[in-house]
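The same chain A turns up in both complexes below, where it pairs with chain B and then with chain C.
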Partner chain A sequence: MNTAPLIVRPLLWPRILRFCLLAAASVLLLAYLLAPVFWLVSSSVQTEREIVSIPPHWIPDQPTLQNFKAIFLTGLGYASPSANGADPTSGGFIPSVAGNLLPSMANSFIVALCVVVLNLLVGVPAAYAIAKLRFRGRNLALYVILATRVIPDIALVVPFFLVVRKLGMLDSLASLIVTYLAITVPFSVFVLVSFFEQMPDDLDRAARVDGCSRPQVLLHVFLPLARPALVAVGLFAFLASWNEFLLALMFTQTAASQTLPIIVAGITSDFTVSFSFLNAAGVLAVLPPVLLAVIFERYIVSGLTAGAVKG
Partner chain B sequence: MSSQRGGAVRRGVTYDERAAAGLLAALAVVLMAVTAFPILYSLWISFYGLNLRRPNRMPFVGLDNYTHVLSDPQFWGSVGRTAEFSVMAVVAVLVLATLVAVLLDQDFPGRRILSACLLIPWAIPSVANGLMWKWIYDSNYGALNGLLMQLGFISQATIWLGDSAKTLPLIANAFVWKEVPLAAILLLVTLKSIPADLYSAARVDGATALKRFLHVTLPAMRPGFLLVALYEAMMAVRHFDLFFLLTEGGPGGASDVVAWRIYVETFRNLSFGTGAAMSYILAIATLLMSYALIRSLAQKL
Partner chain C sequence: MARIRFEAVSKQYGHGPAAVRDLNLDIRDQEFLVLLGPSGCGKSTTLNMIAGLGDITHGALWFDDQIMNNVPAHRRDVAMVFQSYALYPHKSVFENIAFGLRMRRVPEAELRRRVHDAAERLEITHLLERRPSQLSGGQRQRVALGRAMVREPSVFLMDEPLSNLDASLRISMRAQIRHLHAQMRSTFVYVTHDQAEALTLADRIVVMRDGTIQQIGTPDDIYERPANVFVAGFLGSPAINLLEGELSTQAGVPCFRRGDLVVSLPAGFQGENRAVVLGLRAEDVGPPEPDGPILRGVVDTAMPAGSDQFLGVQVEGYMAFVRVAKDSRVREGEAIAFGLNPSRLHLFDKASGRSLRTGMAP
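Right after this comes the complex of A and B.
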């Protein structure tokens, strides 16, 4: 909605007014988006004493990285949690869950990376077929995928749990990787289909005339051109797996397979953990996905809109 | 769609069809295993009286689980709260996202920074979102109490989440904060697709900026509004994470929504049969909503 007329040069006053309005709106929006996160980060670097001050110290007087140090040292085995019964309000107290954070982060990474790879392996060929090939049942395939996209994850929890239990796969990363496909693959396919559909059919035809088989066309013609879509789909699968909570809550029981959201959720209801430590754990969970989202903003926005327009 | 012309005469399997079968095989296997099978298995379970407290007895009970759930006033209470939460959340998301989209549609320095920051709430894991807002709402040291007291709006700390009248709006606020970015991005696409002629025509007719917004922008954004409203309603109706983290259904059942009810019935009461029946009812409700979505999109495309 670019309101600047092309012929008549706008008067000075309306332009100043417009500038002020835009600036005010931008500041408001930034405050809305960033203030909660700022408070999370600020709280994570406060001391035990400072975090319980009234009114809150919005900017810490004596910022400290003690929580992060505790998490990394215990996680890597260089320090152990404080003994039971030690005074949590004394400086340097390390809660017993501190050592679980790094291993659970590793679990989250492994699960997310496996889900990304499987999404691409399953989604790319299928999306290419739906976008460029003419075959009976194409519309049916589209509708089935669309229907699977709207199944609520909570409706899958009961059957998944029973099957995973029966297979003896409770408390394993494999159960998470497989079930996360249910919440990622349908969306991945939609993003990829809408992307492949935008690529000219002539590319496809030319390669076929040159004697390429279908898989060869996909591999040598479409894949190199589809890099932005692959990045977007990979990011969505990664973020969805990294952030997933409900299924991980049901299937994991010990630190061996618990992902970061489960450990962090446990900390929020643990009364022996200080508020500043709690926020440090939150910062760890937030950092990787937020960095990815900000760095790859363009890919994500184009992927989100592609996925939405198709379904 | 291909056999229409031939009638009884069936065309043989074409090269493309064989290739498509190969390319789609992996997807078919995955979707069968992780969506079709669980949905059917869940339907089957919902006809049995399966309780993990006595896992070896699994009597067939027919539709008893469904009649039990549908005649349970506690279930209908949670349906009401789910509806209340969803309506609040969707309306707030729509209003805020429209404002954000209109702002990002302008051309000004710093717009790119804004749209990068817009993705931050979207990317934050819902657990971290829950932790963050639980700490903000904290009754002793929380930022909300601190801010309102510093500004002089309240004189003493309020127990926010403990007040059953405030619980749902506060959880909805945390939900909305995370959902506004995606909604704004989708609405921005709709805004950009409005033909510029409409605006120049309105300007020639002497319409002010406000009138152009009311009579050109808003009507043209209807498909976008519909898409976002239905998508967000689907997200809100099934939402679980914030209820688990912030209130666990409390205080006194004030945030006992359907998703929370399913969790309690299944994993605390271990009553998998009624849990499955409840999640089936939720899935069908969502499916009906998404059918409306598909229909409205089909009209648009």
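Right after this comes the complex of A and C.
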């Protein structure tokens, strides 16, 4: 009797079909995600007339850098509505806020950087303490910190506003830095606590026996190991600050303290809208986060999942 | 150089039961002391208190003539080897070993000399540039040893350092640790649950259970003269045979009685109709002698074990394991009698578990 095992060869065509379906789905998803970004970049170098042409030109016929020139060379007279001789009613002009774009970008940068740095300065010691020290109220501390994030931002706008006004910080970058910290630090602490908790206690103990005080353990052992989590936390704080709109709208009134989202949003509230200029401003607004994401890409995934696994 | 003294030390985690209760222990300078016991007996807690990694709830810990209760770990002249090795994953082997010296600001030249010296002694010089993740378990253990060695501490602590190694490596590392102790002239405190390790390494063994000390003594003391049933049962492989029965006197001679079995005991054991436990180690049986105590039973199983063989013997409803020479031909189901060496019999009070040997500390 033949006892050889019966070998069933998987058929080839279902596998090909599977591959094709997956590929098609991937392409569709990619197109769905990237098309708006592509349109943003493409239309930022188109003239107003080309943008509104039907069918739309994905690749511009006559690429122009006039919008970027207006933003970067604002001191050279590009920013006036008549500078490019266009008709204001058709939208093909440079809005007057063009000159404010770079300063507002600088504001956004300052705010975001301060928030990142302070987040790490506050969040890292707090997370280390909660994760590795035994003290009364340790769990309570973590829950209270997290509970502050249950309240939606919009509910906090009025209290924040009152506090900021009382402190005389209205229309200053400090008002944004302080309130953004209140929003981002709890998340940072939570992610870092999860990360530190995963690290073996013996590492902490070994370092202490080796001669480290608690702050030195943190500095010499945990911080170098926590780099992915630090990057994830820093990036999160940066993006949250960079994109924040509501609080910035409430607390800032002049170009001296306004951030990029406020200025960009302002472009749409002009009498007529220059879409090409709006898109150029949009390109500038997304560039820094995209660059950061590309640079730190390999850290982000491990950093965020490190926080995610532990509940 | 340090003498370590626990004075009525207790340790409690939160509101739970005490992990260590009323510990009094005097560890001599340059001694190799092994804390031995099952998991949860408080031996690691005791070690952590010496290291400064755990607070002391009550009592005092002394290093020589200084109270150490509130001295933080990094200010104690103590080095420690962990079961998990606890190497710094982001540092090279060299930096792992050097870290303690760097924290103590040892000059670079001296530091290099000491690291290379330790690496040479542990035969890991070729690994100095590697990361811990690129090392085998045994190599990591050596690095952990090296990290503690270079510190030249006055107290050297080891928390089950060999538990994660395979059996053959464990034996060779034991020898290495003994050499280390001989060279370093530090006080060694070593925690293990492995009785063989304790018997091999220790100058003195402290057997612990449920946060209290059961017995302190040399390996011989602990093995030959266990203070109670727990200590007797914890040491020895296979475990000591513990037969429950009665102590009585027959014609002026103390006897152990269990059913039809009567074993005469040396003078010194006293008590009438007292419930007792007779402890008999597997290797303490020989050919029957006319006047000596005799153990009778029926062979249940014979298990050859290389150099000799173990017999499972039914003795009045108790399965006793004894070791006999390989060439003794016994068949299962056969009646058998062994001679017992009176001086190697252990007798314990059944209620308290304490040894009834006279002159024995409780």
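Throughout what follows, the second predicted complex is superposed on the first by the 268 of 311 C-alpha atoms of A that agree within 3 Å, B and C clash if a C-alpha of one lies under 4 Å from a C-alpha of the other, contacts with A are read in each partner's own complex, and residues count from 1 in each chain.
Note that in this section a contact is a pair of C-beta atoms (placed from the backbone, for glycine too) under 8 Å apart; a residue touches a chain by one contact, two chains touch by 3 or more.
Remember, it's a predicted structure, so these values are computed and weren't measured experimentally.
Between chain B and chain C, the partner in contact with more residues of chain A is B. By the touch criterion defined above, A:L142 lies against neither chain B nor chain C after alignment on the C-alpha atoms of chain A.
Judged by the touch definition given at the top, the superposed model places A:N279 against chain B, while chain C stays out of reach. Look at A:S213: by the touch rule set out above, it reaches both chain B and chain C.
Of the two partner chains, neither chain B nor chain C is touched by A:A255. In the superposition on chain A, A:L73 makes contact with neither chain B nor chain C. Once the two complexes are overlaid on the shared chain, A:V158 sits against chain B while remaining clear of chain C. In the superposed model, A:P224 makes contact with chain C only, not with chain B. Residue overlap on chain A between the chain B contacts of one complex and the chain C contacts of the other covers 213.
The touching residues of chain A, when paired with chain C in their complex, are 200, 202-203, 205-213, 216, 220-221, 224-225.
Taken together, the chain A residues at the contact with chain B in this complex read 1-3, 5, 19, 22, 25-26, 29-30, 32-34, 36-37, 39-40, 43, 51-56, 118, 121-123, 125-126, 128-130, 133-136, 138-139, 141, 144-163, 178-179, 181-182, 185-186, 189, 213-215, 218, 239, 242-243, 245-246, 249-250, 260-261, 264-265, 267-268, 275, 278-279, 281-282, 285-286, 289-290, 292-294, 297, 300-301, 304-305, 308-309, 311. By the touch rule above, chain C contacts chain A in their complex via residues 48, 51-53, 72-74, 76, 78-80, 82-84, 86-90, 99-100, 103-104, 147, 151, 157. Against chain A, the residues of chain B that register as touching in their complex are 1-3, 14-17, 19-24, 26-27, 30-31, 33-39, 41-42, 45, 99-100, 102-103, 105-108, 110, 114-128, 130-136, 138, 140-143, 146, 149-150, 157, 177, 181-182, 185-186, 189, 191, 194, 199, 203, 209, 217, 227, 231, 234, 237-238, 240-241, 244-245, 259, 262-263, 266-267, 272, 275-276, 279-280, 282-283, 286-287, 289-290, 293-294, 297.
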